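By written order: A, B, C and D. Residues from 1 in each chain.
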Amino acid sequence: MGRLYERLCEDLRCLEGLKSCMNCGVCTAICPSAEFYRYDPRKICDTVQRADDESIEQLLKSDTIWYCGECMSCKTRCPRGNTPGLLIMALRKLSQEMGYFTDSEKGRQQFAIRRVIGDSILTTGYCMRPILVNPANHPEQGPVWEWVYNNLPEVMDKVGANYLKDGPGALRRIAPEVLSEINQIFQVTGGQDFFQLIEEFSKDKADEMCLDAGELGGDNAYFSEVYTKNSGNHH
Amino acid sequence: MRFDYFVVPFCAGFGYLIIVLLFTYGRWINELGEGAALKIFKSLLTRKTLLASREVFQECLVHRKVFRVNPLLGYMHMSLALGWFLLIVIGKFEASYFTGEFTNEFYFPIFFRFFELSPHRTFTLQFFNALMDFLLLFILSGVALALYKRFKSSAMGMKNSTKHTSGDKWALALLWMIFPLRLFAESLTAGFAGNGSFLTQPLGNLLGMILPVRMLATPVWWGYSIVLGGFMVALPYSRYMHIPTEILLIFLKNWGIKPKDSISGMAFFELYSCSRCGICIDRCQLNPAINKKNQMVYFLRELRAGNEVTQMAHNCLLCGRCQEICPVGIDLTNLRTISRKQKDNAHIHSSSYPSIPMHSFSTKVLYFAGCMGSLTPGIRKSMETILEVSGEKYLFLDKEKSYCCGRPLKLAGRLAEAEKVSQNIKEAIVSSGANTLVTSCPICYKSFKDDYKCELRVLHHSEYLLELIQGGMISIRSGNKRLVYHDPCELGRKSGIYTQPREILTKLGSLTNVEEAYGKSLCCGGSLGHLTISMEEREQIQKSTAEYLNQDNPDCIATACPLCKKSLTKFSESPVKDIAELIAENLIKSNYKDHKTKKSNLAEAVRIDT
Amino acid sequence: MSEWGFTVIQTNQSDMDQMDRGLIAKIGNAEPSIFWCIGCGSCSATCTAAQFNNFSPRRIIQAIRSGQVKDIMGEVNKCLLCGKCQLVCPRHVNTRNILLNVKQIMGQDAI
Amino acid sequence: MNKTIVIVGGGPAGLEAAAALGSSPHHVLILEKEHNTGGKLKNWHHLFPNFADASEILKSLEKSLPLNNSEIKYDCDVFKMEQMDGNLLVSLKSGEKIKADAVLLATGFDLFDAYKKEEYGHGIYKNVITSSELEGMFVNNSFPDQLKDGLPKKIAMVHCVGSRDKKAGNMHCSKLCCITGVKQAIELRKYLSKSSVYNFYMDLRMYGQHFEELYQEAQEDYGVNFIRGRVSEIAEISDGKLQVKAEDTLSGRPMKMIFDLVVLLIGMTPATSAASIAQSLALPKSGSGFLAPVHQHISANETCIPGLFLAGTCREPLSLQESITDARAAALKIIEWLKLKDNH
């Protein structure tokens, strides 16, 4: 029984998500991700169940664990009451903590999430704001979005949103005292440290790849690399 | 000049035969490959030629090997071959003596009694005359036997005889007609000319009483000539092609020419030397339950006819029992193997088979258990025990991983792939610096010994263990168990190791002999060479062989091959053990402690990681 | 605008109604023991070749039976024909002959 | 009228049948080939799926033997039976002959001889043992030294040894080895807390009450590992350690693993002791050689020989519970048959 396996066992999601798999494969059968990716929740459960650190490490460094959409369909079907989706969450967490996520293309995208959504929460109190959906990074949104994006204040006014303004309403500006409360929560619960960890591992990787990761935001080479890179090997 | 128009068919047939033979043999000799000419030239004036001539006499004329199968069958073949040969030779002498000159028309001796009508007065001529009649009678007795064999082959010890093609049947009919027609022609002539001897003269007189012999004689001579000519025309296209071909084959074989790995040149000589006697049919353990008409005689016939033989080529145990008994001595299993050769050959991923990693080998003895050994750990373990007790320093080459010697691929006709696979092991063996390679598997043994061509000594463990015993390295308790030894095909017939295992076994207990032993030993059914046979069919063979070996209720069946052991165990009443296991059981370990204290002397199996 | 590597991902799910039954029909005809396999894996475990590469007779049999012919391209050539698979098979499957048949039927494609 | 009923075999089925026949007026004679009753049960420690003590069960089976009308003869080797005037003549190896109105064959089973699968090395490597030998260790509390020292040990349980195997000549599924493997894995984990146990299986047939639950328990509470793949060969490497080769069929890769102990889960095979009896009566056998009843579904205890009945594992692999139920059913059939015989 190895170190990684023991750490996984400390995670409640692993304990709840994997009790005794009998390899029936129903999770893989229902999994929408398995339909398109070389992704097999049954195999992942089996690997972890074997408690073999070598293969767990391989898993943590692979793209595989990032293919899951966390739809939790698997939970509803498992005859033994396991939840591979929860196990995946535990694996992802461990991969982030160990820095193994930088070894895989999909894993490296943790950096982009940290920069976009993580920053957004701490600075505005929102996970997602329209301004974050930059047309340059989201060509799939099309020209209409590009126009909306360029005329955001006017559009918001028109639809009656209280966009970034004081007072009540959707997308209002979050009061500074509330924001500092959010920041404190992140500080106390370890969220900040966790973000910092992802930053550090990512910066190491950026250095290794000779790319600049900047200090903030997505305006840097490493960000655009992890955000847009697609090796085409994901199937 | 002595001439009559009836000699024309004979002369035409004879001429045709000579042209065809010259053309055919010329083509095959051309295909013998580089170096063959030099080899023949070098051997031509050596003892080899004399030996070959003796073999030609023994096998082509006397048919010694057929005699060994069954005396009556041997007599039948001899009467036809030797009788006819002498008829030609003595006939020539008779004609030469009569005319006083050696050179005469080449057809003259054959139709001697047609041309020389005067009754022979001198004693010598009468003697020749009687001799010729005797030879004719000799041949006719053979023809009668052959006829009898057609209807009742079991009378000559053959449960099955060859089912012939219609072409062969025509040639056969012509051959059988030759000698009765000669008898009639000569008798009819003797009936009016009185030039016959003890056989033809009385018969002629008898015929003369009821038939107009003078009028009938010429048409019968015509018939004789036509049949003779017809037979010679049919000869290259029938099984009788073996008559001239076998002679050449024996010479070529003695001169050291071997078939290449395709059906060409020497292989054709072998192919056409098959007389389709059918002796191989009964020897085949696949016969008759598992498959009919697939034995060597049929296989060679199809091959000769240029038909698709892939299926037939694969449907064979490659046990070599047929080859052992073949009166012509054709390398039958080899022909089967090379026919298996695939056109697209060298596609194995050789890079997938890493070599045995080279550690600093300090031992002189290498032990290679063989891949089958992993399924019979009793043999491996016994060998380890014995080697340890003997104090011999050795290296266990395939202790942790199995390596393939390449022979299975070779037997399947994938020669280039076999070569690639064996390359890696060969390198490891060659560069090891060891001087002895011991293997427990007769299949590997055959491979190492014949194909690898390494400098070091290659021994099967039965040879090596006998050496250890004789050299006093190990000592064994003798027992009184009744043992029966089963010769593995690859060790016995293929590699000629018969005596060493038996010598060991006589030290261990009392060895009971069974009839089908040595070269006649049965196949255990495990046959690596047969790839298409089903397991149920294998089990039929395994069962019958196991039952055969158990016929005298021995205490133990001994063998020297992991595959034989595995195959026989399931159906054998008495336990089946390898020679190594029997030795390990009876090993006296008194010296063992001395060795154990000298740690450096102990064998150390190197971990082989790849 | 950034360079985007969009790819359309093909489905990974096998549609058994669309499976290629050609090979299994031919092989099943020549060597019916292919249908006796219970997928226990003893063949792959004892296989001499499989020690060194990803060759797996069980997987090949499985692929043929489920019509995934593409998966076995090139695989059959890794076989050393040592026959141990047949010696350990609890169901008497003649694995070697199956592989030989694949080679024969697929011809050059099998390479 | 009182009749004689001969029961061949004093194992659980024989004992239970005798007990069930106790209420009848007939004389019951048990012929046991060993010198005590209990059959294979006496060499068993705990029973699946609830770890019941085998010796307790045996005691209660022996206790329920009726004293008034039953008799046990030990060291009796029955080798032949003949039909005679509607009765059966039972011949013993000792030469004795017993006339019986009805005979119940409860000859039980043989354990598969693991040496027949030489590649597993039983009888060659000292650390390869059978499930029955392991059970014997638990019974006698006599473990080899290498299992005592409390260090982490790796143990492999190999399922289907000699069962479902044409190479071993047994096509039948012995059906009880699966759960035995799970039970013994748990016991080993209890006994050697630092050990890890791996079960190599082809299918796990958890057909009985509480079997599946025990399987789940083994995984959840005892961390027993299960690998789907049949073991092909076992080789001893240095220090008596064993290298096991199998294919992990669920991940599709061949694997090897080194173990300190390998337990072969051997199955039930037809009893050789019943073979000569069956031959003398020309009793039909099922495919694998177990004795065949008249009808598998509706008359599983009756044979084509009038007055001859079957109970327990002589006709198919059965668990203890099934054997006992079967014996009672056979007893009932015997009483019915004797009644019918009386009326004629």
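FYI, a residue touches a chain if its C-beta (ideal position, glycine included) is under 8 Å from a C-beta of that chain, and two chains touch if they have at least 3 such contacts.
The structure presented is a predicted model; accordingly, all values stated were derived computationally and were not measured.
Chemist: Based on mean C-alpha positions, which chain is nearest the centroid of every protein C-alpha shown?
Modeler: Smallest centre-to-centre distance to the global C-alpha mean: chain C.
Chemist: Count the C-beta contact pairs for B-C and for B-D, then tell me which is higher.
Modeler: B-C
Chemist: What is the distance, in whole Å, between the centres of chain B and chain C, each centre taken as the mean of its C-alpha atoms?
Modeler: 39
Chemist: State, to the nearest whole Å, the distance from the C-alpha centre of chain B to the C-alpha centre of chain D.
Modeler: Computed from C-alpha means, the inter-chain centre distance equals 53 Å.
Chemist: For chain A and chain B, let me know how many angstrom lie between their CA-based centres, rounded off.
Modeler: That gives a centre separation of 75 Å.
Chemist: Please compute the C-alpha centroid of chain A, do the same for chain D, then give the distance between them in whole Å.
Modeler: Here chain A and chain D have centroids separated by 56 Å.
Chemist: Where in chain C do residues touch two or more of the other chains?
Modeler: 46, 51, 87-89, 92
Chemist: Could you list which residues of chain D touch at least two other chains?
Modeler: 119, 166-168, 228, 233 - these are the residues of chain D that touch more than one other chain.
Chemist: Of all possible chain pairs, which ones touch?
Modeler: Listed in label order, the chain pairs in contact are A-C, A-D, B-C, B-D, C-D.
Chemist: Under the touch definition given earlier, write down the residues of chain D that touch chain A in their complex.
Modeler: 196, 204, 215-216, 219-220, 223, 225-226, 228, 250-251
Chemist: Quick one: in the complex, what on chain C touches chain A?
Modeler: 1-7, 9-13
Chemist: Taking the touch rule as given, give the residues of chain D at its contact with chain B in the complex, in rising order.
Modeler: 116, 118-119, 121, 124-125, 166-169, 233-238, 243
Chemist: Taking the touch rule as given, give the residues of chain A at its contact with chain C in the complex, in rising order.
Modeler: Chain A reaches chain C through residues 34-39, 136-137, 139, 224, 227-232, 234-235.
Chemist: Given the complex with chain C, which residues does chain B contribute to the contact?
Modeler: Against chain C, the touching part of chain B is residues 310, 314, 342, 344, 347-349, 352-354, 371-372, 374-375, 401-404, 406, 408-409, 411-412, 414, 421, 526, 528, 531-536, 566, 610.
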